[in-house]
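After this come two complexes, each holding subunit A, first together with subunit B and then together with subunit C.
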Partner chain A sequence: MSGLSRSKSPMGALVGVAVMAVGVIAPFFLSRYQIGLATQILIFGMLAMSIDILVGFTGRTSLGHGAIFGASTYVVLYCVTQAGLSPYLAVVLGIATATVLAAVFALLAVRTNGVYFLLLTLALGMIVWGICLRWTQVTGGENGLRGDIRPKALADYKDFYWFILALAALVTFGIRRFVQSPFGLTLRGIRDSDSRMRSLGYNVPLHLFIGFTMSGFFAGVAGAVYAFFNNFVSPSTVALTQSVESLLMAIIGGVGTLYGSFIGASALIALQNLVSSHTERWQSVLGITFTLIMIFAPEGIVGKFRALRAKYASKH
Partner chain B sequence: MDRRQFLQTTAAGLAAAGTGLQPLRALAQGEPIRVGLMAPLTGVIASGGKEMVEGTQFWFEKINYQIAGRKVELIIEDDASNPDTALQKARRLVEQNNVHFLTGNLLANTGLAVANYVKGTGTPYFIPIIAADELTQRGRIPNVIRTAGYSGSAFPRPLADWALKQGYKRIATISQDYTFGHEQCGGFSQVFTEGGGTIVQQFWHPLNTADFSPYLGQIADLKIDAIFVMETGADATRFTQQFNSFGLKGKIPLLGAMNMTDQSVIRTMGAEVEGIISAAHFAEGADIAATKEFVEAYTKKYEKIPSLYGFSMYSGMMWVSRAIEKLGGKVEDKAALLDAVLKTELTDSPLGKPVKLDAYGNPIYDVYIRKVTKRADGKFWNVPVETYPAVSQFWKYDPEAFMKEPAFSRTYQGAKKS
Partner chain C sequence: MSLFQLLNGLTFAALLFVVASGFTLIFGLLRIVNLAHGALYLFGGYVGFTIATKLGSFTLGIMGAMAAVAVMGFALNEGLLRFVRGFELRQVLLSLGVAFVLNDMSLVIWGGDSFTVPIPEELMGGFRVFGTFYPKYRLFVLLMGILIFIGLWVLINKTRLGALIRAGVDDAEMVEAAGINIQRVFLMTFLLGSALAGMGGVMGGAFLSLYPSADSEILVFSLAIVIIGGRGSLIGVGVGSLMVGLLNTLGQVMFPELAYFVIFGPMAAILAFRPMGLFGKAV
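After this line comes the complex of A and B, so read on.
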């Protein structure tokens, strides 16, 4: 990660501040719908970034994160609409549930890697989906749960956007700190060679467990605020497609780049919204686009930019 | 540099996500009436979604996309059979396209998600297909009206009454295990047990069941007088075929929910559907001039007999159009539009009979007991055999008292303990 040292330069900090500034003033120039889309992009960007901890920095591809994310959404909606708790407490419980769920997933999945890890997380995610679909008394079954649960203080869509923007900045900072910490380095070590890490005396399963649980925590944060965004949850939020879509966002943006997650989320959500209003074959268009990205920029959009820049720099 | 690129691409992404600043809106009256239609054009029920679009277009073409001198602009969005997508599309239609009202959606969960959203915006939302009881009962939202739609538990009630009149005493039910099934079986069980009948057993199976033989084996041994079946789409086709190949057809009378014998199901099937009884407000084989005219015109244009989806969207949009005419085209005033729709009596629909909405935004129909019958050309359709006039979604109960009872679910079926 060569970007590491550079981003500590004053230039990097300046760009970071500029991005935030654009984010902060954006609502004054965008329509209500566009602000809604931007909010959605930020939420899914956080989810994709939590997956990037595993895919990009630990070398484990998870297909269970949609379920962890959605479990948090379910708990928040249940707590507010059925149990009558305060939305703030509900968010805490939602994130806690996601973290515990991730810990359970992690316990089962840490001893595997490659395609076995993928399949195990997929199966665990399917179990969560099955429970949400069939446990009608609690989850509302197919119809899901709904209600006006967003706290009064965030009721205005612009305020809510700013809140999510601040949260996304915080989450980005948190995840960056996490993957760049000495602990994050051990995760990268595991990604590159877990047998070597083992022989160096690291407790690989424990590190994976902590890495997965932290990733689940961040997915839970995104899931909890998604409940405020939609005021609604149904089994499709915990379904496999959710996991696949958020993984796609991380991959399109560029795995191991973190910021790429927001680019990936923007690309996917913007495409979905633009293309689908022009043709009902929008899914084919999306599929072709992704295939092209995988052929010409397998390292993702941000990854491709970095590679091109490195090439340019070496020539001059 | 990383962040600069991030900045550039984000800005480009956000710019691409829309058309920039909102254009100044033209004076209201010169503008078209913008109608936002959501239908599942992709996903498991895409064929139904397509028919919804056809039905809607069929109506607007008939009036040349003109209501009270104003042009109609129909904006169609795909809800992808997914409530999250439906919600996103509803936001787009309301916040970006500034539609005057929303309509459509097929699956209950997509409709409920959109209804929850319009609760906050106040946008009128007309639901000719979404049958979830809740929306015109306990969870009524004033700006959600079921124009030309029906509530799930409503039509099985007259069917249960009819079954009692046939002398059926013992009936079992089999249904897909989700709210739409719970509601239809609930309506049936409630009326049937209150009239002295017994619900012997209720089978609930997951959606998309490929093999019904475990259930059919049990059904054959129950010694029942009839079976009430609530299936939609491919499950309806498979159940009917397997019921037939198990040799149960002709032995146990089959009473179906209306979607069981809808054209969308039976138009591809053969003799196995003949004789199934169901209850509905619309029977494509009814000997009524208005119905015949609609069915003929639709068949000519789309080369198939109209299904519930085509009929409901056509009539639902007709209903709203008639109300807008009364307002002289002023759709901007949401409260006036909703009020006008609630007060409009639809007189010239394909039903051939006037239909009114009750105080909860649900239509009161004459309900037919229908029988699947073979036409001269070998196709099958539903023909009325008996009529129950003016059936309310609350049947013969007091609405207030009825809504104090719990909503129908797998565990609560309103059945009277005998």
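After this line comes the complex of A and C, so read on.
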């Protein structure tokens, strides 16, 4: 699996600027509904990218990120609707909660790898789900929490879209810097060989711990603004489906590509909208998509494309 | 904890044992973490419910559910998992995709209502156990749990198939090199494990009832049991089930809303000291 990022090339930067420019002017051409979709894609793209830090650059597949993301959403909604705090303070608290939760997950998970890591993050995420479902006094149980909590400055849907676009650019930049730093290189070393890094004298558990916590922090950022976007949270936000969908976005986009996460998010959200307008069987479609991708293209669309191109290039 | 609650914990542990033993058998031997196990449990429960209400026989319900779920397991193993053989993570994620489809199909067929599998008349009512009145059916579940533990123990320790399974858990390639068709052993184990999930579905469906998120709940418990007990160890599942079953009941008595949180504690503690679980072996 290629985790090399080619972002050093001027082409990459140019494409980035072009995409950003299209993103900025897009609201002038799109309907309100489409802008809503674009906002959603950006938010989930950020979540998928936070998962990519672990899957693509650390070699650890997490199924608990939906819970980390959703915990942040829950805290933001609870703080504003129940505790009456300001939305800005609520966002800070939401992100802090997600980061702490990720740190707790990380403390346990750094000792494991491969399937055990996956199982553990899955079980931890589901415990969060169980608590959100049952602790009705705080979380509202099945009904969840609802309230118009978006700050006034962002009330307009276009303004909100631009805000999320800027945030997504910032998060992308932050994550890119993170994975390309010497620290990120160490994570890649751990991905490729745990034992070699250990014998070279690196503190592998500590690196994994920090990597996981950072990843949780970014998932928390996405979760906090999702609260503003959705104005509603229920146990399905922290459910396994959420983790699976966002992992699938990262995989479709190609693990270790970062930008691919937005492609994956677009593909999956477009598919979801297409499917829901015809049938209520989104769960089945999601399951079938997941199964097919695992069989035919586990490296994702971007990865598959790169592999095909490499094959083509080596022939000529 | 009163005797009543202790018995509740024990009977719940017995049910968990039935479900989780299938899960860990498959995990231990085939290295497949079958995340569709919860969905198979629920599906089996629904099939058993339908048969038991239509034909009025609980036994037929259990047998039908076991057969139906074994067929699903066969299809899953031979139809899908064979394409990703040898890739641990892809297998796990694939089984998760299957779980989604299976749950959704169950929702289409049986709807979102909650059902309770009808129990036979002989098991209705209760016994007086040391002065506490206790439902007969739950004692029956406890008994079944113990019988299945004994049955599996004999199967694994005293039969040829069991010897092959044990050898396969340690080193599947060597078993194959010795001229054994390990694929067939794999398949048998997969079918057995799936059938146990189906059986658990009917047994659990009669006292926990069946509803759309029941599969996730049972899957969390199974995961916790495997994490605590370790991969592929029968004793591990037994001990894990007892711990999780009793702790969960204790949690429900003490702080009902956060009962889930109680199984988190031992899981965390065990992972900190024995990442492979209490009875797990390093691969």
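Everything below uses one rule, namely that the second predicted complex is superposed on the first by the 280 of 316 C-alpha atoms of A that agree within 3 Å, B and C clash if a C-alpha of one lies under 4 Å from a C-alpha of the other, contacts with A are read in each partner's own complex, and residues count from 1 in each chain.
The working rule: a residue touches a chain if its C-beta (ideal position, glycine included) is under 8 Å from a C-beta of that chain, and two chains touch if they have at least 3 such contacts.
This structure is a prediction, so every number in the text was calculated from the model and none was measured.
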| item | value |
| --- | --- |
| Touching partner for A:T291 - first (subunit B), second (subunit C), both, neither | second |
| First (subunit B), second (subunit C), both or neither touched by A:Q283 | both |
| Which superposed partner A:S234 touches (first subunit B, second subunit C, both, neither) | first |
| Contacts of A:R32 with subunit B and subunit C, given as first, second, both or neither | first |
| Contacts of A:T136 with subunit B and subunit C, given as first, second, both or neither | both |
| Most subunit A residues touched (candidates subunit B, subunit C) | B |
| Intersection of subunit A interface sets (partners subunit B, subunit C) | 134, 136-137, 283 |
| Residue ranges of subunit B in contact with subunit A within the complex | 1-7, 9-11, 13-14, 16-18, 20-22, 41-42, 75, 77-78, 80, 82-85, 87-89, 91-92, 94-96, 108-109, 112-113, 116-117, 119-120, 132, 177-179, 207, 409-411 |
| Contact footprint of subunit A on subunit C as seen in their complex | 31, 33, 35, 80, 83-84, 87-90, 92-94, 96-105, 107-108, 213, 216-217, 219-220, 223-224, 226-227, 256-261, 263-264, 267-268, 271-272, 275-276 |
| Touching residues on subunit A, where the partner in the complex is subunit B | 3, 6-7, 11-12, 15-16, 18-19, 22-23, 26, 29-34, 36-38, 40-41, 134, 136-137, 141-144, 146-148, 230-232, 234, 236-237, 259, 262-263, 266-267, 269-270, 272-274, 276-277, 280, 282-283, 301-302, 305-306, 309 |
| Contacting residues of subunit A [partner subunit C, same complex] | 61, 63, 108, 111-112, 114-116, 118-120, 122-124, 126-127, 129-131, 133-137, 239-241, 244, 247, 281, 283-284, 286-291, 294-295, 298 |
